[in-house]
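What follows are several structures.
Note that chain A is present in both complexes that follow, paired respectively with chain B and with chain C.
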Partner chain A sequence: MKYFLQRVAFYLFTAWAAITLNFFIPRMVPGDPVQALITKFQGQLSSKAIESLYVLFGLDKDKSVWQEYLDYWNQLFHGDLGLSFTFFPTPVSEIISSSLPWTLTLVGITTVISFFLGTGLGVLAGWRRGSWADGLLPVTTFLSSVPYFWLGIIAIYLLTGPDSFFPSSGGFGSGLVPAWDQYFIPSAIQHSLLPALTILISSVSGWILSMRNMMVTVSSEDYITVAHAKGLSDRRVALSYAARNALLPNVSGFALSLGFIVGGTLLVEIVFSYPGVGFQLFQALGAQDYPLMQGIFLIITISVLVANLIADVAYLLLDPRTRKEG
Partner chain B sequence: MSSTPVLEIRNLNVEYGLGDQAVRAVRDVNLTLHRGEVLGLAGESGSGKSTLAYGMTRLLAPPGVITGGEVIYHPEKGEAYDVLGLSDRHLQAFRWAETAIVFQGAMNSLNPVHKISTQLTDVLRAHRPEMSEAARNARAREMLKLVGIAADRMEAYPHQLSGGMRQRVMIGMALILQPQVVIMDEPTTALDVVMQRQILGQLIELRERLGFSVIFITHDLSLLVEFSNRIAIMYGGRIVEEAAAAAIYKDSLHPYSQGLLGSFPSLRGPRRELTGIPGTPPDLKGMPSGCSFHPRCPKAFEPCSTNIPVLARPDDSPRSVACWLHPVKEPVG
Partner chain C sequence: MTIPTSSLEQVIPGQGSMAQPEAGKPTKAKRQRFRFISNKKAAAGLIILGIYVVVAIIGPWVAPYDPDARGNDLVQPPSGAHWLGTTHLGQDVFSQLLSGTRSVMFVGFFAGIVATVLSVLIGVTAGYLGGRTDEGLSALSNVFLVIPALPLIIIITSTLESAEDWLIALVIGFTSWSWNARVLRAQTLSLRRRDFVDASRATGEKTWRVIVFELMPNLTAVIASGFVGTVIFAVLSEITLAFIGVTSGTTWNWGTILFWAQGQQALAQEAWWWFIPAGLAIAILGTALSLINFGIDEFVSPRLRSVGKTKIKTVDGRTVRMRIGFTPVLSRSAAPHTHASPTPVIRKEVTQ
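And then the complex of A and B:
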């Protein structure tokens, strides 16, 4: 428990550092968002309007950096991430909360499926090595070396078209309004199939390979021989002794990959024009939309930190050797 | 100690690899373990003693293969059967219930992520499915007590125990189903001398109480002389001498046994120079012709380099040796 609290304290500190960096970096980048906005409105802004824009973006020249920093924290606690100016005057938090569910469902579900499928196949391939399962390995090695966005481009090229079942872009059919009804849900699933498959194919092989290799390593441990000698069933030895121990590195890998759900599949979302966080970030970069970038970075940072914390807790639960006594 | 056999190894051959590349690690071994006895198995590293133990319990990891022979097991009640011919299901039932093993790596024999209690009771769950959870736990606790470990260590994880405690847990685990045969493969190698003697003494005491037989494998002949009834000496995959412990100690017949005995100091008796055995153990891939020990043997003479000596009785006593110095009177087996 003490160890757990120490970890939590550590992550809180890291979060503070990350958020502080997040505050300072845009202020160190040359150019400022108000100038960009003025250019966008092609000089049709009065000096009063410009003044108020500076205040709105938290770039008030009358305030000290310290004062701005405190305001920034104050706004954060109120869930206020500022205003986007590609979608001016929509608040950044609104944009993120509309795009985050897309990413979370698509990449989240895919990551979970990929982990369980890959780990299961890895257990099988590692335990039954020398059998047909070994034939899987060259294929997985090949697939794991293929970049997923490239796989996505190939998939769009080969599988989509005017008559194809698979749509080539977007998150749902045009003319539909996001809602929990019988028109929208099937359309959303249909649109998510191809990107999901792309992510799945390229990520599952990593899990298979690492699990298989850990299984092979663990299989030569003495306690596996002992488990066999004890007359336990092959199934029990494979699952409770070999796979249980081989799982440890994969679980922390899984927890970390949860952190990359939000930011990690940017390219897939770009390739498929999927309305997720990655695609938003891409647009924000193109439009120099600092508040939006800042907001998305914040979300990515926090999700990576939370995932790390989950990895620590998972390890604590799975491996008794990491628990400190007392 | 009766002289009824409990485990008979007949012409056992074990090889690593297949075809021309195969290495013969155990060659035509014949060995009988009697009810209630402690049979010592000694030899240098690579002499095949551990392979013999893995072979007779069918625990050989690939590429090890049993290429011939029989391992006849005589259960307490019922017909004798060949362990090598058991189906997978019967083999699972046979393991641990009839023949338990305490392995070389005391430190790594327990799974680090499971509690001691889990690892003790899963044997019972596999072999005695009719036992209740409470009965299983009670039995596990009883075994810990038997080997001198407090019952509250049940809920401990292996890393919370010392090396000696872990090995005692393993001994307790080996005895949990009351097997007739316990194979100890260098059980105390990783432990200090004091702990070695303590654990072995405890094991011998338990054997007297519970009446199981022990095959005790080690390279430490001095331990064997003290703790076993009979000793078999292995060299290059073969048994070269087999006799009562006292007979081996006082007058061993094979020059290799004499060499092994000459390489450790005795506590009592006159001071003498430790000799050791010149040369290195044979390469199993290219065994010397004739007696595999002849290149290192100080007493080698004319037939040694050409003919393989068979394990046989040199006189009327119940001992056997494979050496041309002691020609065949009556072949064993």
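And then the complex of A and C:
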């Protein structure tokens, strides 16, 4: 429990750091971005929107940085992330909440599948060294070096076309309205197959490699020798003794890879024009839509922190040592 | 703590005998270095990396065309004149690829150096000093560890007015040091209680001297592997930034090629020569760097080496699998073995 509370405290601290970072980054923008935007959206911005922009960019001359910082927090607690320029005058929070479920589903499902698949293959590759499983290594090395988005481009090039089962872009068929019905769900699944496959192929190799190396390290430990000596079946030793112990570093490595996978997913979404936050970020970048960019960064960071917390709970359940001191 | 000089004398048993290994020392060092190269993976990786470095240096000069020069052959497939075809403006893709190598390699290595220096400063200091310093620095690196790096880099770069290569490299370097710092801290923690460190402290060496001359040589492999890992990450990040169009766009790199290919519907035009070579260049560079890293890992911990054939067919047609820690003993007699030898466990592993 103490361990769990420590982790929660740490993630709260990290969230605070990320938000503070998010507060200071736009203050590095040279010149007066708000003025540039006001000229760009001649007459379209209400005075309230302009004021909110000045708070966001820290260009309010009358206030100290500290006062601005407090205002920023105040806005955040009211769920106000500012107004988007690209989809003016929609609030950023509304845009993000419409695109976040797409990304969460895509990343969530593929990451879980990729983790289990990769770990399973890693167990095999580590346990049966010198067999066909070693052939996985060069392939996975190559695949882990390929940028996610390039793999996506290749997938679109090779697998999509007018007659293909796989659609090349979008999150659901045209003419459909997002709803939980028998038309929308199959279409959404069909559209997500190729992006999911791309992320799966690129991310699975990391799990295979780390699990293989841990298996190799663990399998020369004394307790494995003892387990063999007791006459336990090879399968039992591999799974209950070696894999169980080799899994722990892989679970804690989950935290690190997650940020990387999320970064890759954003790019895959861009390539596939998938309606998630990555694609929104891309559009925001093109339009220099700073409020949207920052809102997306904040949401991504907080999602990653929550996922990390879940991974920590899993670790807590897997490793009895963390539970020892009550 | 003072040590009587007499015991110091004993620690170095005679300068005369030291002279002998002095002569043998270079050869030993050479052999060790040679052993790293003799690792097939590392050697292959270093050779490929060497080719990339050469291209990075001479690329812009040997490129057959100016990468910006427009021509009349629009979106042409590879031919004798344009080895990798042309773009929508008639630019030569091969020249763009060659010229772009320099920027990619520069950002990769520069960011790698920045991140490595930071990680050594923070990781080793935290590990060696311990206490409050350690807690503070560890918290800092953990924060950077869990904040997703790529979105952060994108956000920072997009606010920069002109994102030149060196600036991008700095941003990447400053956001990607944390993992190495954590590894180095753990390694330093395990080293700091060793006898040789205690000894050097006891002889009154200054803290920085203990760190630089006693600890650092033992951390070389970890630092090197961290450096290579960061270079991979930096290369991928830079290309990603160029691909989504947040870099300045005045210098060519492989991401810029992909940016234009994506923006100009190269896919719809089936212009495979436009986007496949750049991606392959990234993948091969990444593979080479990973191979070097495997080489380092295997050099440090020989257990990880991939073994040769482990399945052996015996004369009587049984298949036996070899494994670390086990010596398969085969005999025709069905009677169980009794082991009087000091070999810890001898296990028959007969499949089929």
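One rule holds in what follows: the second predicted complex is superposed on the first by the 261 of 326 C-alpha atoms of A that agree within 3 Å, B and C clash if a C-alpha of one lies under 4 Å from a C-alpha of the other, contacts with A are read in each partner's own complex, and residues count from 1 in each chain.
We take it that contacts are C-beta pairs under 8 Å (C-beta built on N, C-alpha and C of every residue); 3 or more make two chains touch, one makes a residue touch a chain.
Note that the structure is predicted; figures quoted are calculated from it, not measured.
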item: Partner chain(s) touched by A:Gln294 [first = chain B, second = chain C, both, neither]; value: second
item: Touched partner set for A:Leu100, first chain B, second chain C, both or neither; value: neither
item: Contact breadth on chain A, by residue count: chain C or chain B; value: C
item: First (chain B), second (chain C), both or neither touched by A:Leu285; value: second
item: First (chain B), second (chain C), both or neither touched by A:Gly259; value: second
item: Which superposed partner A:Ile185 touches (first chain B, second chain C, both, neither); value: neither
item: Chain B versus chain C as contact partner of A:Leu305, first or second or both or neither; value: second
item: Partner chain(s) touched by A:Leu193 [first = chain B, second = chain C, both, neither]; value: neither
item: Chain B versus chain C as contact partner of A:Thr225, first or second or both or neither; value: both
item: Those residues of chain A which chain B touches in one complex and chain C touches in the other; value: 130, 220, 225, 228-229, 234
item: Chain C-facing residues of chain A, complex; value: 10-11, 13-14, 17-18, 21-22, 25-26, 28-31, 128-131, 134, 137, 141-142, 144-147, 149-150, 153-154, 156-157, 168, 213, 216-217, 219-220, 224-225, 228-229, 234, 255-256, 258-260, 262-264, 266-267, 270-271, 281-282, 285-286, 288, 290, 293-294, 296-297, 300-301, 304-305, 308
item: Contact set on chain B toward chain A in their complex; value: 57, 59, 61-62, 88, 91-97, 100-101, 103-105, 108-115, 122-123, 126-127, 157, 159-160, 170, 173
item: Residues of chain A touching chain B in the complex; value: 130, 220-223, 225-234, 236, 240-241, 244-245, 248, 318-321, 325
item: Contact set on chain C toward chain A in their complex; value: 139, 142-143, 145-152, 154-156, 158-161, 179, 232, 236, 239-240, 243-246, 258, 261-262, 267, 270, 272, 275-276, 278-279, 282-287, 289-291, 294, 297, 301, 303-304, 306-311, 321-326, 344-345, 347, 349
